[in-house]
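Dropping the structures in below, format is structure tokens.
Across the two complexes that follow, chain A remains constant while its partner is chain B and subsequently chain C.
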Partner chain A sequence: MEKQRSLTYTLLKPLFIILLIIYPLLVGLNPYYVRVMFFSLLLANISMAWSILAVAGQVSFGHAAFFGLAAYVTGLLAVRLGIPPPLSIPVAVLFSTAVVGGVVAVTFRLREVYFALAMLAYAEILKYIVINTPEITGGSLGLLNIPPLGRIELGSEAIDFSKYIPLYYLFLALTFIVAYVMTRIMNSRIGVALKAISRDELAAESCGINVFKYKVIALIVSAIITSSMGAIYAHINRFLYPEVAFSMEWSIFPIIASLFAGYEISILGPAIGAVILYTVKEFFISRLMERGYEIIYGLLLVFVLLVLRKGVLDYIIIKVRELRLGKVIT
Partner chain B sequence: MLLVVNDVRKSFGGVKALRGVSFNVEEGEMVGLVGPNGAGKTTLFNVIAGVYKPDTGTVIYDNKDITGLPPHEIIKRGISRTFQVVRLFDNMSVIDNIALPLLFVKGTSLKNAREAALEFIELVGLKGKEYTPIGSLTLQEKRRVELARALVTRPRLVLIDEIAAGLRPKELLKVEDTIRRINKEYMMTVIWVEHHFHSVAKTCHRIIFLDQGRIIIDDKPEVVAKDPRVIKTYVGEEGGSTSSI
Partner chain C sequence: MLELSPIISSIVYGITTGSYYALLALGLSLIFGVMKVVNLSHGEVLMLAGYSSFWTYVIVGSLGLAFLVSPLVGLTVGAFMYWFIVRLVRDKPELYSLLVTFGVGVFLANSMILAWTAEYRSITHPLMILPVDLGIASVNVSNVLSSASSLVLILATYVLIEKTFIGRAIKASAESREIASILGIDVNKVELISFIIGCVLASVAGFWLAVNEYVVPTHTAALTVKAFILTALAGAGSILGVIAAGMILGVAESLFVTFFTASYKELVGFIIFVLILFLRPKGLFGR
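And now, the complex of A and B:
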């Protein structure tokens, strides 16, 4: 319940924020480096979204369901009906949150591996629905010619979101908003309820916490963020294939990032984990090995879980607190 | 009448845990609920606290039917509980564990809830351990945290489940004293499930003896202590008296 602040975060947070703001300048506006970073921010948002549900005790293996459905809905609205992205994106986010969220809420009776597998199944079911409705979705051949995000006219100037630099700052702004909202939530009554639920649902209920209600709140927040990322992605990528929109990567990467950095102490951990893992993968690992970088991820995760037990950031925060308080915190 | 349990039955598959249990509890009473393992004591608590919905029968609290209400509603009505196996939040400190129900039952702010929790931390003898992580407490200290958490909302009825398990005689006396204080100073009605018959008999106004899901006897401690069925359960076939336990 205490506001989880530490010296580590107090020093690192502003530095991290400044680095992110000046990042395009640091890489000489190189489109490749900028693209990698905005993509890592997209994953950072999905990782934060995943972790709020995990804090509520519901580990999902199927966030690709939210991502893919929102991507397809906005793509279809734009391609088939000519609805502009500023309208099709919110409609897609609401639709995906309502449809998948409604089904998932019913699944809340399941816990642990059963819930995780049910989520995985939802993503797969949606993928096969898309594949088997080619007359609407394009099926396996994909949905092509999705319009870009468009431009914002500011007097004589215009911000064109089909360019990497504006896109980067759009994602950076979205990440700051998501991180702020999530931090506020976790420091509020909702966050306290979720932390209690994550440890013991029956005890939480007996303390007056309506477990189902708070899980649904976590689900809605998680679904809105993931769906938003999926919908925006559709207009950046400009084409969708079922295997890409409902790829396991949207489900698995947030788990790896959250476990790598730790998600129990700070909701920002998964975001930082996502940025570190994705950029390291793109800038270093994939240059060494074209395929099979997942092996490195796997080994890293095994090391973190076996040696540190909690994620890297959680481990550092706990150690710093121990040094400051001079006592052991488990 | 504060609590009326009327013909409550509950089965799990083929196992009949409660076979038509009926009893009343007056406001201000201290009632001991005793019986051998598997008698149905904790199941009865779970039915009253909303964890289980009874197959048949009703639970009337303060003249309102609360049968089948979920636990988060039951505590809001004024019934709180402890658990046979301690259920604390190990990602929170002692004070936050105790303060937590106030946030959700009374809508108290965290700051005020923590202040209110201090009184109950003192009552259960954990002063000085407010910010200790739960993981560093002994089992008995954890039980006391759970008791304080059950009291912090100042419920009218507290269900205490085997708080004295594994205690030494001196510690047992402290628990008895705490339960008396809860009843007298805080005016709370208490139902106490416990294996220590002697402690329950010394502390409570009335004892309900439960066996195989049925109430065998419901009377004053001195009467229950002399009942042959109770003596048989606690002392064995050879005879003796429960007062010596």
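And now, the complex of A and C:
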């Protein structure tokens, strides 16, 4: 039985990876299709980042705070001070992780619902600060002419990261790294502790788990990944508006993707969920009707929570396991 | 001597908005206090009722009828939402109902955008914009009427909860669902009633939103958040505290706009929210 499972698994995983690697060829290097896929990978990373915090029992409605702050910091460093992106991005990521993360860690002691909406408040506060400091940030008129990611010279060849194809592979590599690190964390002592906390915080604490410490670890991981995505996004998009950088979309999409797929069995579930939901939205639903996808995804969220009571992927995995176990028992 | 009139008039204006804010928050606060459910589709229910009033006014032309339509919408939506959605997640942790009602909200808000576009619409009745001179300051008829009806509804809710049998049943099931049901209280019915009351209160706020400001489906999340901020400020389950919280926010915003800049107005609520979370997480009047 165990062999069967691992066989499907060992077959599916490389297939999925190969599909992602040859994806640009499959769509004939069409820039639109490549662009949609790397955006879905960006959202996949944020969804994994959101989920690790959710596993720690902290549901956030404001991951846009990390995303937007890092985007603005790297944008400002590059535009106002001329600092090259390879340097400004890590500075922005550290800044956003330290500033927002520091405030958020203090809020951990709040009751769950208060925490969720406090996160939203942080994102909104940052948005209004940006809107009201036009001398520095450009305010509502936006921060324009942000330099692109630049190029890497490899002998006579150069990889230009302002082109869609290299950008796609950059994102794919980042996603693999994030997925690998996340899986390692979830399978380690930290992951076990986090799962214990999500089941029953009080019980975990009485077993000698330092709940606060593990929540802070989850927060830092989550913040670094989300901030990195925001910082890179600033250099891809080349301009920022407060309404875009701190858009509720960055907070809401990861929630829907993670809950749709389910994050309890594997941290990769949210990533797969994000890719599925975003590509389906772009390739199918948005073409039929403009607001269609939000309406459908809202309903989907209600359906998943009310009827399945767990994410779709988690549900399928559990059903398949039950079927197998049933076979063994009878 | 310091010029007092702008301060006084902005305080008066703040009090009129403040009482409207209290009504905006009361439904959410009541449902949160009684059921520990944060209804994240609060703003959508409010907006749906606001739109119903708006269309009734546009089609029929009667302001009275428009006012009567909104609570009916709240009643219907509330009953439907409780029975088919909220009731089913009552056995789950608090966050579950938060996420489910959030999904409902996303669905409703975008359905409204699809149906009526993101255009700003408002009920403009000639009587409502007549000025009323209060001696120290001047406000519109609509401001006076909305504050008056807000205060009446809040007091009515207070009396209902504190002085009637159904109120005692609501308080009992808020204390413990199990014990209440052992005592012969139909907990589902009690919660259905509280949820409906919450939605009806939101709906009346929706009517005044259409009259005093405008209805637009893209603002629903902001309304929910404002209602939650006020609930946190008042403290969960404190009905009269909501009045004070509404006044504090209304006056603070109005003074802020008078003395600083209007573009920071929305920030006032968020800062109050964060401060209260840090300094007094139970709220000003919470137990």
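One rule holds for everything that comes next: the second predicted complex is superposed on the first by the 313 of 330 C-alpha atoms of A that agree within 3 Å, B and C clash if a C-alpha of one lies under 4 Å from a C-alpha of the other, contacts with A are read in each partner's own complex, and residues count from 1 in each chain.
As a working rule, a residue touches a chain if its C-beta (ideal position, glycine included) is under 8 Å from a C-beta of that chain, and two chains touch if they have at least 3 such contacts.
Since the structure is predicted, the reported quantities are computational estimates derived from the model, not experimental observations.
Judged by the touch definition given at the top, the superposed model places A:Leu308 against neither chain B nor chain C. In the overlay built on the shared chain, the residue A:Ile295 is in contact with chain C alone; chain B does not reach it.
In the superposition on chain A, A:Val244 contacts neither chain B nor chain C. Of the two partner chains, chain C is the only one touched by A:Asn132; chain B is not. Look at A:Val59: by the touch rule set out above, it reaches chain C but stays clear of chain B. Number of chain A residues touched is higher for C, counting chain B against chain C. Judged by the touch definition given at the top, the superposed model places A:Ala193 against chain B, while chain C stays out of reach.
Look at A:Ile220: by the touch rule set out above, it reaches neither chain B nor chain C. Touch criterion met: A:Glu112 reaches chain C, while chain B stays clear of it.
Only residues 38, 85, 88-89, 93-96, 98-100, 102-111, 113-114, 221, 225, 228-229, 232, 261, 263-264, 266-267, 270-271, 273-274, 277-278, 281 of chain C touch chain A when the two sit together in their complex. Taken together, the chain A residues at the contact with chain C in this complex read 59, 106-107, 109-114, 116-118, 120-122, 124-125, 128-129, 131-132, 248, 252, 255-256, 259, 289-292, 294-295, 297-302, 305-306. Chain B meets chain A in the complex at residues 49-51, 70-72, 75-76, 80-81, 83, 87-93, 96, 99-101, 103-105, 110, 133, 135-136, 149, 153. Those residues of chain A whose C-beta lies close enough to touch chain B in the complex are 1-2, 189, 192-193, 195-196, 198-200, 202-211, 264, 328-330.
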